[in-house]
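Going in written order, the chains are labelled A, B and C, and every chain counts its residues from 1.
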Amino acid sequence: MLEAIMGLAMSLGDPTFLVTFQGAVNWSVGFLTTVAIFAIVVLGLNVQWGYTGILNFGVVAFFMVGAYTSALLTLGPATGFNAYILGLDLPVLVGWLGAALAGALLALLVGLPTLRLRLDFLAIATIGIAEILRTFARSGNGLVNRNEGLNGIPGFLAGTVDRGDYKWLLLAIALASLLLVYLLVRAATESPWGRVLRAIRDNEATAQAAGKRTTVYRLQAFVLGGAIMGFAGALYAHRIGAISPPGFTDLFGTFLPYTMLIVGGAGNHRGVILGSLVVGFFWFGTPLVQESLPDAIGTNVFVWRQFFVGLLVVMFILWLPKGLIAEEARVSRFLPRVAGGPSLRARITGRFRAE
Amino acid sequence: MSLLEVVDLEAGYGDVLIVRGASIHVEPGEIVTIIGPNGAGKSTLLKAAFGLIDIASGTVRFKEQDVTRMPAHRLVEMGAAFVPQTDNVFPRLSIRENLEMGAFRRKGGTTERIEELLGRFPDLGSRPGEQAGRLSGGQRQTLAMCRALMLDPSLLLVDEPTAALSPAARQDLFRQIQSIRDSGVAILMVEQNAREALEISDRGYVLVNGAVALEDRAEAMLTNEDIGRMFLGRSEVTG
Amino acid sequence: MDFVQLIIIGIVVGSVVGLGAMGLTLTFGILKFANFAHGDMMTLGMFTAFAVLGVVRGPTLEPFSIPAGLILAVLVAGSAVALLAASLDRLIYRRLRRRGSALITMAIASLGIAIMTRAVVQLIWGPLPKRYSGGINPSWSIGELRVKPDQLLIVGLTLVLAVVLYLLLYRTKLGKAMRATADNAQLADVAGIDTERIRQATWAIAGFLIAAAGVMFALQAQLRYDAGFEFLLPMFAAVILGGIGNPWGALAGGLIVGISQETSTYWIPSGFKAGIPFVLLIAMLIARPRGLFGSTF
């Protein structure tokens, strides 16, 4: 399982590791790196869902496409029993760029036929992409090395520091990337373009009446979000060095980011980063306390945390729909801020229209 | 005793008040028409009285009972019925099924009532199996009113029934409304075609900015010069 | 494999997809949002029937491979999932409706419910696959073709439930009120129909159908905790093909999905057949988003 590989692999067998200072440091560094990568995914999702109201249930597919693309571009040609396409031995930064482009391309392919229709059609279309990509990766001969996956993916700047210190560099890379993406999406969503997105989300008819081609704007936001998710996938691939189809589960790669978004507060970039940290701590932290939980829960801790994450989403939707940090409602940065969120009523469909 | 009494009603959508302190009443067996400029809150007043819109303050009494904020289906049980302006039939149900839906809360006698109404309105009675979505605008309005009559209401609220109709269909519909009144049903109607509506009405209200600006007998309103100029078209004003 | 044989398998698979899609399209048409928990309700249905079989088994009903207890198991699983679906509406969706939440918010809530349901199935029955019966079901040969009695049972039950659903929607007051609510819920309210009761009934019917689909699926395959979720996309493809809110369209759509998915293996490696429903869905959205048969009931 993916999470077993990520950050926690070294610790699970040894419940005493947290007791040592070094163990706690190691865990925290790995944990924060993972959360930073997740936060990037969630920022991409925030552009799509939080700002534009596009429901993408295939987040893990974009992440996976990015991971595979960057790996295939930066790995050497296939040797021995391995069989995969490309293997161009390109620099890691080129791989990351390719990953973002691949995520954007996938978004374009899925978005073009669906985004001009009802918004739930995109959700339906995306629910299956991940499973299809996994199947293709597993079944395609000579495509991406099937279930063995891609191994030995080069780390970024791996040779520049001691092996023992590389985790710090990884954390720095992940945090720097997060900062970069945060600045990018903030600039994008606070621009006039971002205002149009919110207008479309809150009242499509009015935005259309104002002459905005809503489908084009939606597609742009969907593609931007897809590129960001692809980039996050690349960061992930180069961090862990080995990827394979079973690692990209819907639960882990799609539902967990949604939970982070909803808990943090959709439409608020800082909120969703906080959400990534809080939900990430719950998700990656529960296995650490497995030993001290009652047996009934402890033996099934992975299933129980899945249950609670589902419950968390439902409870937040019911009782704290704006999340921990609500979106700031404002008309323009030149006008005073308005109290409360954007009009939810604008999103109501099927009520009696006003005169 | 008034059949329907609306006192100082304030209602609207979200934080926006559209009806601002309107008071009206309807007596048994009379036709009352509300006229007024666009955006005056006529339809909103009607919907709020029927419990379809959030009421901020004021009271609605029906048959001497306080029904303020009561859900629509309870009012239906008490003998009120509402005909929306648009989307007022179930397009994928047949004419007969539309009428059956109007009788969802009726205990017995449904078939007889349907036959009675189909007989009274031959436009519908000639093809009860037709999908309502295929009917003309006028036939839809007729069907919508018949649906509302299925539970033998004592009050019918009608929202701009002639808005999308041709002049000929309009005449038919007003005649139907008169015949419904003649069978003992009181009617409260919002209308844009003020002159024709007032001609069949007993009383009328002019609603401006969400409040009642004038209330009078219908024939008096037809001859009122201010009303004539504003709502009836000046050239038509006589005497 | 022989092409005609593939069509037969396609009809069997398509019946299961169609059976589930009929319920999915009903909730889509009346509640107006895409229920992403439908697949996991299918899983819950097949496992509930498995639990019933653990208590009541009875003799094998020749020529099928199923034990007599499965009849009871279908009824119990169907009722249980129906009750759960209606209760979830009470607890969650009705609150969201009253608050005027966006329909898309309800879709996210349904995904949360899906995740919780899958967790519950794993907590109760564990992560390992299960089977209803260890016995094999010998095929009947018709010329060159082979058909298992179990397969005929799956297709037969689907047809019976489709007819029952037809009678319900067109001959009963409840069914007509369901169609009216799908057409125009506000008008249904105004006409005096208790639309909340209609919505609950819709959930219950969809729950029963999807549980039955789950049991039918498990007659042919292993019970896995993620089996239902994998049916979600084929079922949605069937719903869109048939037109949202149209149960007969959904059944036909299910058969189209099943047959094209299975016959595709005649030309392409079977590993790729999972992509067929997706291709059909996208092709449909491009060509005819209102469905082959329109959204008419």
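Quick note on the criterion: a contact is a pair of C-beta atoms (placed from the backbone, for glycine too) under 8 Å apart; a residue touches a chain by one contact, two chains touch by 3 or more.
Remember, predicted model here, so these are calculated numbers, not experimental data.
J.: In terms of CA centres, which chain lies closest to the overall middle?
T.: Going by the distance between chain centres and the overall C-alpha centre, it is C.
J.: Once every inter-chain C-beta contact is counted, which two chains account for the most?
T.: Of all chain pairs, the one joined by the most C-beta contacts is A-C.
J.: How big is the gap, in whole Å, between where the Cα atoms of subunit A centre and where those of subunit C centre?
T.: Spacing between the chain centres: roughly 30 Å.
J.: Any idea how many Å lie between the Cα centroids of subunit A and subunit B?
T.: The mean C-alpha positions of subunit A and subunit B differ by 53 Å.
J.: Could you give the separation in Å between the centres of subunit B and subunit C, each centre being the mean of its C-alpha atoms?
T.: Each chain's C-alpha centroid was found; their separation is 43 Å.
J.: Going by the contact rule already set, what residues in subunit C reach two or more other chains?
T.: Residues 186.
J.: Spell out, as numbers or ranges, the residues of subunit B touching 2 or more other chains.
T.: 52, 84
J.: Would you give the residues of subunit A that are in contact with at least 2 other chains, written as numbers and ranges?
T.: Counting only residues that touch two or more other chains, subunit A contributes 345, 352.
J.: Can you tell me which positions in subunit C touch subunit A when the two form their complex?
T.: Contact set of subunit C toward subunit A: 32-34, 36, 92, 95-96, 99-105, 107-109, 111-116, 118-120, 122-123, 185-186, 229-230, 232-233, 236, 240, 269, 271-272, 274-275, 277-278, 281-282, 285-286, 289.
J.: Within the complex, which stretch of subunit A touches subunit C?
T.: 53, 55, 57, 113-114, 117, 119-121, 123-125, 127-129, 131-132, 135-136, 138-140, 250-251, 255, 258, 262, 300, 303-304, 306-307, 309-314, 317-318, 321, 344-345, 347-352
J.: Quick one: in the complex, what on subunit C touches subunit B?
T.: It is residues 173, 176-177, 179-180, 182-184, 186-194, 296-297 of subunit C that touch subunit B.
J.: Mind listing the subunit B positions that touch subunit C in their complex?
T.: For this pair, the touching residues of subunit B are 50, 52, 71-73, 76-77, 82, 84, 87-93, 97, 100-102, 104-105, 147-148, 151.
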